[in-house]
Amino acid sequence: MALEVTEARPLGKPIKRKEDARLVRGQGRYLDDIALPGMLYLALVRSPYAHARIKRIDTSRAKALPGVHLVLTGEDLAAKNLAWMPTLAGDKQMVLAVGKVLFQYQEVAAVVAESRALAEDAANLVEVEYEPLPVVVDPFYALEPEAPILREDRDPPSNRIFHWEVGDREATEEALRRSAVVVKERIRMPRVHPAPLEPCGCIADYQRATGKLTWYVTSQAPHAHRTVLSLVSGLPEHKIHVISPDVGGGFGNKVPVFPGYVCAIVASIGLGRPVKWVETRTENLTSTNFARDYHMEVEIGATEDGRVTALKVFTIADHGAFDAAADPTRFPAGLFSIVTGSYDFPTAFAEVDGVYTNKAPGGVAYRCSFRVTEASFLIERAMNSLALRLNLDPAELRLRNFIPPEKFPYRSPLGWTYDSGDYAATLKRAMEIIDYPALRREQAERRARGELMGIGVSTFTEIVGAGPSHTFDILGIKMFDSCEIRVHPTGKVIARLGTRHQGQGHETTFAQVIAEELGLTTDDVIVEEGDTDTAPYGLGTYASRSTPTAGAAAAVAARRVRDKARKIAAHLLEVAEEDVDWDGQRFHPVGAPARSVGMAEVALAAYTNLPPGMEPGLEASVYYDPPNLTFPNGAYICVVDIDRGTGQVHVRRFVAVDDCGTVINPMVVEGQIHGGLTEGFAIAFLQEIAFDDTGNCLAPNFMEYLVPTAVETPRWETDRTVTPSPHHPIGAKGVGESPNVGSPAAFANAVIDALAPLGVTHLDIPLYPWKVWEVLRQHGITE
Amino acid sequence: MRVTLTVNGEVRSADVEPRTLLAYLLRDEFRLTGTHVGCDTTSCGACTVLLNGVPVKSCTVLAVQADGGEVMTVEGLEQDGQLHPLQEGFWESHGLQCGFCTPGMLMTAYALLREVPDPDEETIRRAISGNLCRCTGYQNIVKAIRYAAERLSAAGAVAGEVK
Amino acid sequence: MFPAPFEYLAVRSVEEAIDALARHGYDAKVIAGGQSLLPMMKLRVAAPSVLVDLNRVEGLSGWQEDAQGLRIGATTRHAALERARPLAERYPLILATAPWIADPLVRNRGTMAGSLAHADPAADWGAAFLALRGQVEVQGPQGTRSIGADDFFVDIFTTSLAADEIITAVRLPRPVGHPEATYLKLERKVGDFAVVGVALNLEVDPEGRVAQAGIGLAAVGPKPLRAPQAEAALIGQRLSFNLAREVAALAAEAADPTSDQRGSAAFKRDMVRVFVQRGLESLRQRIEGRQPASA
């Protein structure tokens, strides 16, 4: 059976993915699949302590092991001025520990050997003597005067990394004082980890003869990585070739640069041989970048009849030992200021204090456009607490407070201009699918019988597509993205973009965008990403930014190609350019559809039969600087039943209605939503990277960091509304993260709704059975 | 130690240390890199292959234990240039995103359809519960396996005997 | 992650295996399914210098029934027991427990004997083995012996096996009455060890009275536990809602859990109560369904 379905006008169609041709055959080429001749393997020695002075490192036994080529310590790197590296958040991070370690599993030494197993053997032979120091685990304690200062390198010495605030504090406090109702809640979003199924890794291949470094790396942002690398290493940027091969999931994990990468590069340059480092799952979960860990306090004010008046948020952000977030420079707390959500707050104020603790570094945007998940969880939880206080249905409270469609573009009190949305329509669609009134009736009946059934609503607004260059940069690099299109003489296209997909389907969806604009099929278009020698510069794939930035660049570049094509078509059709019509697939003289030329004929002419004076060739290259961000939204409704005996929560139904603007490929969009909801489910019920009092990581592997299987994962029901973005060339908004941003609150709200008759207004996620059981027991409910 | 095994119908040998895991024999020695490694606690199933017809986590079997045995990997699914209905199903139903879990999923599903040619959703979900996917939420994987089951029964064949 | 180097011995007989163990002492370990040992070796929590593989020993795999009971060979996989339909009649607890262990792929390799020898207090077979009053057949340099379930588990990851002894089979006695059994497990996800596991095995006389009762508990103590007082309260009784409540409370008292990430000691103890009660209720319904006359 032929699997290729090629269709004209592919935009909006469920075209099967081009990348799957190799992936279903096991012929993907992921980082660890690459083997270079003479390749060596690197393993890291890690700290067993969360905070300790290093008294002595003895590498002699490791060096003596046959097959070991190199052992590196922090002192060795310090001699090359490489003991520290900059983080994307503008902090710095130790590559290999010098003087002391600041978190359990911190990188202390690197060993390079003939095989992976040998490298591990040798790593075990490196002897390190530590003197344990007092540990700071609690981020609130970190700010107490008596807490030990963790980062002596900082000036002034303090565990506070940053204080960031936005909005009008006085006006907000005043509005709260005058509000008839004020609800306060402390809400924690625990430390979690993106944990893509493929761990992070790289191969550094430095050729002494040419002075060129080829760096294969699991990277969501190869161009940014090349620039950072050039800045850190002093290697000229054009002599660094970054290749991000097939990437086995990213979710934000593969945006930063890790110590193992730097060590592999240093080792390859030193040894003149390729050096591979692939982290283990344990290393992944314990050292390469957690997400969230936000401790939030919210006050929300409202009138008697349930109109919101003000929102005030105070947050402690636990960043671990180094601020290794990848937030845009001006946003140390990311886009947390989307915290007013879908609601028309007259005034608001938010502040965030980032702190150091003895935990792994990070603060990455895990399937999230920089702290939007935290913000969304907060406001969606707070709206439910408010509904409880007002004795209003949570859906009704939302309907009363949505930003109305006529207010778009809407300027939020915290400074964003929302592009478009029809929030009530989206929520009503979800309520209709699930038959909300019937559910509430059923709930009342069940409650009367003593059963615990809950309904959770979340109507979030996301902010994605960072971003406009006037506001957004990372380490100074503006957050545009790019696309270069070349149409070859037979009308076949290669398009290269600055992004790097990790399962999102760009090879297909961007081909759809381009084919649509050029009147071709997706089979005519090859999309390439991830090779810095060939692709134009771009900031990469994360924060749902690819479609809003590179996707826009693709559409604009294709339109530029079409503009030139129109001129050539006029020449071929022997009419004036103004007299040429484009019907979506072919050019023809106005009023004479019978005579026409398609892109293939035009392309041939571009190389063979040009109008006089025209430059040959048919290509375009666009660096797209988005005028604004895009604001996808959605309405999620979740129904749960709670087991009175065990506290187990069963998700009976989950309806997700998303609005991500124009849909490029509904099948891919649905897949993204299924995946994001599943990760949101895991965060709500299963996952937390917890630490004990001495800073030991309690979830260092997949036995304790729980990834749901097909058995626990609920069945998802999806639908959509379409409110195009007015400023995006094709109206698309980006979707990868919405479900992960919007769903945790829907789950939590459902569970808390079930327990609300007991007076419960909040419970922190993850909602393990024992947590629910404790509540039930406190209220004398047992089986 | 010398090990000899039949991999996807072909007899292959290699010299390995006893500690070599089957997954790495396949990946590093035989260069069959479709079999992936995603964890170190036998949790993820990205490394699933059939050993003597039974799906196992090849990161938790020693290469020397497979000596003399028969191994089938994802690379063995396609026959005579014809994708296996499971591969078609995953493609048709968008049963993969990053593709990292896919080879393991396919091998587990292959064994399932051999044992239960017409599995219902619950049976499928239980059968693949040793294979983690971080991308898809499993719903389309279930659909993909159903697709293959239907294709195979329509062809009157069972998995593995399809032409 | 890779194990530390070791010498590998693919022995062909139990004698050969015991020989190897005797020669290498504590440096040697046998490997059966490898589903506990290999992960530990990869994490280098375990680093035996000699690995003695039982998988090629003839006659260790598979189960047979005889007049005394059921004999399960040491290399019989969890999956083989899960699919052993003929055991449904006399050994239903085996079929009830097996699907709860780990995940389907791990079950294709792991063995019951290996699980018992490993003595993880949260292991599912441990609880079932106690409830069934099983025995292990053991062979060592001194010959063979058998160890009863109550004497087998000593402490966390510790059994009364000597370092040079091998379990050759697990034996389960033939039921004295009609057996009804169930296994209840609270797990956070598939593939998770039990937060709490409860194995219930009742053997019922023709009048519907309990002739033999087994209640095994997983993950609520330093080793798998049995609940003798709760069992005693069942003997000679017909199941009833009130009896189930009483027995459940007694079983909860037998638990000795600790607080951890999976829940407080109080929570786990209460789960024992809830599961024993639920389990007995479902068994009562089955027994009554089978014997409408005696209801």
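Some observations on this one:
Every chain is named by a letter (A, B and C) in the order it is written, and numbering of its residues begins at 1.
One rule holds for everything that comes next: a residue touches a chain if its C-beta (ideal position, glycine included) is under 8 Å from a C-beta of that chain, and two chains touch if they have at least 3 such contacts.
As the structure is a prediction and not an experimental result, all values here were calculated from the model.
If you sketch which chains touch which, every chain touches every other chain without exception. Of the two chain pairs considered here, B-C and A-C, the higher C-beta contact count falls to B-C. Subunit B and subunit C have centres, each the mean of its CA atoms, that are 30 Å apart.
Computed from the mean C-alpha positions, the centre of subunit A lies at a distance of 44 Å from the centre of subunit C.
Shared contact sites, meaning residues of subunit B that touch two or more other chains, fall at 17, 19, 40-41, 43, 126, 129-131. Counting partner chains per residue, subunit A shows two or more touched chains at residues 116-117, 280, 282, 703, 707, 709, 711. For subunit C, residues touching at least two other chains, in rising order: 1-5, 43, 103, 190-191.
Touching subunit C in their complex are the following residues of subunit B: 1, 17-19, 21, 40-43, 45, 48, 54-57, 59-62, 64-65, 67, 108, 126-127, 129-131. Remark: subunit A residues 1, 3, 16-17, 19-21, 23-30, 32-33, 35, 116-117, 195-199, 246-249, 251, 280-282, 502-505, 667-668, 670-672, 674-679, 701-703, 707, 709-711, 713, 715-716 touch subunit B in the complex.
Looking at the complex, you find that subunit C touches subunit A at residues 1-5, 43-44, 103, 186, 188-193, 195, 261-264, 266-267, 270-271, 274, 277-278.
Subunit A meets subunit C in the complex at residues 116-117, 120-121, 124, 280, 282, 645-648, 686, 690, 698, 703-704, 706-709, 711-712, 768-770, 773-774, 777, 782-783. Those residues of subunit C that touch subunit B in the shared complex are 1-8, 10, 34-35, 38-39, 41-43, 51, 53, 55, 79, 99, 102-106, 108-109, 190-191.
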